[in-house]
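Shared chain: subunit A. Partners: subunit B in the first complex, subunit C in the second.
Right after this comes the complex of A and B.
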């Protein structure tokens, strides 16, 4: 098995530079990526995810740390000898070569025969849905087609690792979704290990086996999409994943209390004491029928005033005010029919859906 | 040219004619005249005497053209070899004292060559490089190199390092990266710089005269005595020959470049048909 291991790699960017840009540092990253895994690095722009990718590629030299692939130490191996491939944000197709020659470039560098080169290039082009485009020049293709060629060019050499640096962010949304499907399919077919950098949550969730969340040069948490979503390690991760309902408070003697909001209920499962944040995912807030349901023990019931209703593809995002806090919940179109702005509505959250992180 | 109003077209044509074609008319007339004196608008009698002298009378002419061209081509080749790494460094790296390097490199454009040539001459005398083609080639590099470096720098400025990173990630070593990715991008810049270098080297008189001490005979060396008080008919003929040589060389360069691009395209077409 050849897994990729990133051992305490770190990088400091010139504090000496007088360019006015503040010094940036990538804090030590320790990570193992399985063979055939699709791993995403997710974070806001400027968080160091591209830096980490370039360190893995070898295009940047790490200050400290090691990079291993199986039992081979790649730390000092130059990028052209690592047998990795990379797709950049721009297609970067060589303009003076045909599409076919572009795709075959990696094979040419490996000194494989011309016949084999052309055959494999054509094969890969048809995999990305560009059969018959081989003799065209890159400027005759659309942006999406160019990025497909870039993908084919990266994959044709059977790289042991494919690095992707926000490859679809320059494309328009519908094209991006199409490319996402294509990449997902090809990755499974070829079972290539992928490290994918993106700032797009949906993209990362859709494609990845595991995701690493980065912020300000630090790898905050690594896990599957579900793990990250249901058990974020910190409020930073939670808010980056789009969670709006983060309530500060404190846990003592098995009860969580946020005095300002008048919240007080059992929190035995939290396993924490002291100041903590309660994180409530929007879909765990349930709208109660005012008459029917009885108060249950394993549920926190409260009332909120509807502040706004916004239609979001397929469901509504509803903001309610509760004791000075603004909470967000997702409601179906049917539920929304019975409520309106300014109305006080009963809401409930199952205690098992609650999640706390230490403050 | 469709979008241009007719009068602008006419004006451009006139401009082209007055500044480029017109000056050749008296040259041609003078070269085939026999005693063309003021105040005659046209020469009184014609003869091919000057052309006979230039082309057949003295065997020096052909040799001079050969020397001129070989010096210009060697100078240009050396310039390109020097300019590409220099431009790479100047365009891409933050070097301490970069302004000084640039100032020295571009100084020959602003400072009259005469200033430097006196010193070069003294040095070359000591090491025995005067009166040799090698010496003249070395001396010609100083006024021509800045133009080549300048144009290659501009090419480098428009080449993002991402391209080389991409080639690198596809397994291309340093040489392959340069040959397959960088060079094709630099080529137009190199061609522009090389044309300037050829033209400037061809038209050097002073430097060739001082360093070559009259022993390295290029076309301008032959031409000069006739201009400064010799036979105006022969001077005209030489001038025309000189212009033909320069234009011919540039056209040759242009042709080579076009053929290079056409070969690329047909080669690409062929691999598909195989």
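Right after this comes the complex of A and C.
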């Protein structure tokens, strides 16, 4: 097995005291990525994910830490000898070379014979859906086609690791989706290990086996999409994953209370005491039928005033106000028909769907 | 209507001066090279001057030395200039980029010095009684200053070649460097990830990118040195002299009968320059050097 191990790698950029800007530092990252895994680094712009990717590629030198691929220590190995490949945000094709020569560039650097590299380049081009485009120059292709060529250029060398730095962010949404499908399919076919940098949650969730969430130079949490979504390690992770219902309060004697909002219910499953945040996923808030209200012990029932209703990809996002808190829930078109803005509606959340993190 | 004519009217003085002085002079020279000399009572046309010239050993010796000097000067200037431009580019791309501006200015210094002054610098430095021979003699590397190789006013033309290589290398680098600036900074990262070392990057990316500008700059240097007069006049020998000096020698030899030959030399020089221009144009088209660039 040749898994990639990032051992306490860190990087500090020189302090820019003259300009008054804050110096950026990537805090120690410890991470193991399995062979054939699709791993995404997800985080907002400037969080250090590209820095981490460049450290792995060797394009930046780490201040501390080690990088291992199986039994090989790559910490001091220059990027040209790491046998990795990379796809950048821009296609960065060489304009004076044909598409075929661009794809074959890595093979040429590996000293493959001309015949062999052209044949392999053509095969890879047909794999990315660009059969017959080999003799063209990059400026004769569209942006999406150029990025396919960049992908083919990266894959043709059979890299032991494929690094991707927001490769689809410059493409329009439909093209992005198409490229996502293509990448997912090819990655599974070739079983290539991928480290993928993105700030797009949907993209990371769609493609990845595991995701690492980064913020302000720190790797906050690593897990599958489901784990991260259902059990975020902190409110930062939860907020980045789009969760709006984060209620500050405290847990004591098996009960969670947010006194200002008048919230008080059992929280024995929280597994912690003291100041805590309650995280409620929008889809766990259920609109109850006011006529047939059944109070159950395993459910928190409350009433909220509808603030707004917004149509959103086949469902509605409804904002309700409850004890000074604004909560967001997802409702179907049918449910929305019976409510309107300003109306007080009964809502409920199953206790098993609640999730707490310590403050 | 007047708006349409206006640009032409504005251009007219400059165009008239060029046509009258340059093409007029060239045409007058061409007519005289054909033996048309009304001042001498010669009003007929013939190719006697060309015949005599092409049958004279002095012309062929002169052409050979001219080609040799022009070719060596331009090749050395092209190599030096390219090396300078690539070094500056790599310096700029590296972390020590801040010092590149200083080096760039230093390398461009010879551009500000006139050719004739450059020629004199070569004389003062490289002649047998020059600075370098005295330095070598006083350091004990050579016994006498006469042991210093003859580099100025030598029959091979090393003095002229040195002068032009020194003077034109910055010109070549000045032409090539802005083209290198088109190289995307991230291309170095791309090439490194795909296994390219510094030399691979220069061979596969930098050289093809700079080739068009480099070819044109080298051609300009070649044409310039091919038809330049003052430096070979200063640093060359009486025989064999380069074609422009040979033409001057014929023109001022004292006999008016040599003048058509002197002018025929100039016409041949001009014709060869145009021919070389066409050859370079043909090859630059054929190599497709600009293909792919927007």
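Methods note: the second predicted complex is superposed on the first by the 352 of 359 C-alpha atoms of A that agree within 3 Å, B and C clash if a C-alpha of one lies under 4 Å from a C-alpha of the other, contacts with A are read in each partner's own complex, and residues count from 1 in each chain.
The definition used in the following text is that contacts are C-beta pairs under 8 Å (C-beta built on N, C-alpha and C of every residue); 3 or more make two chains touch, one makes a residue touch a chain.
Model, not experiment: these values are computed from the prediction.
With subunit A as the common reference, the superposed partners subunit B and subunit C clash. Residue contacts after overlaying the shared chain place A:126 against neither subunit B nor subunit C.
In the superposed pair of complexes, A:118 makes contact with subunit B only, with no contact to subunit C. Of the two partner chains, both subunit B and subunit C are touched by A:57. In the superposition on chain A, A:34 contacts neither subunit B nor subunit C. In the superposed model, A:234 lies in contact with neither subunit B nor subunit C.
In the overlay built on the shared chain, the residue A:317 is in contact with neither subunit B nor subunit C. In the superposed model, A:105 makes contact with both subunit B and subunit C. By the touch criterion defined above, A:138 lies against subunit C but remains apart from subunit B after alignment on the C-alpha atoms of chain A.
Applying the stated touch rule to the two superposed structures, the overlap between the subunit B and subunit C interfaces on subunit A comprises residues 57, 59, 78-81, 83-86, 88, 90, 92, 94, 96-98, 105-106, 109-110, 137, 153, 157, 163.
For subunit A in complex with subunit B, the touching residues are 57, 59, 78-81, 83-86, 88, 90, 92, 94, 96-98, 100-101, 105-106, 109-110, 114, 118, 134-135, 137, 153-154, 157, 163.
Only residues 57-59, 78-86, 88, 90, 92, 94-98, 105-106, 108-110, 137-139, 153, 157, 163 of subunit A touch subunit C when the two sit together in their complex. Put simply, subunit C touches subunit A in their complex at residues 184, 186-187, 189-197, 200, 204-205, 208-209, 291-294.
Within the complex formed with subunit A, the residues of subunit B that make contact are 162-163, 165-173, 176, 180-181, 184, 264, 268-269, 271-272, 274.
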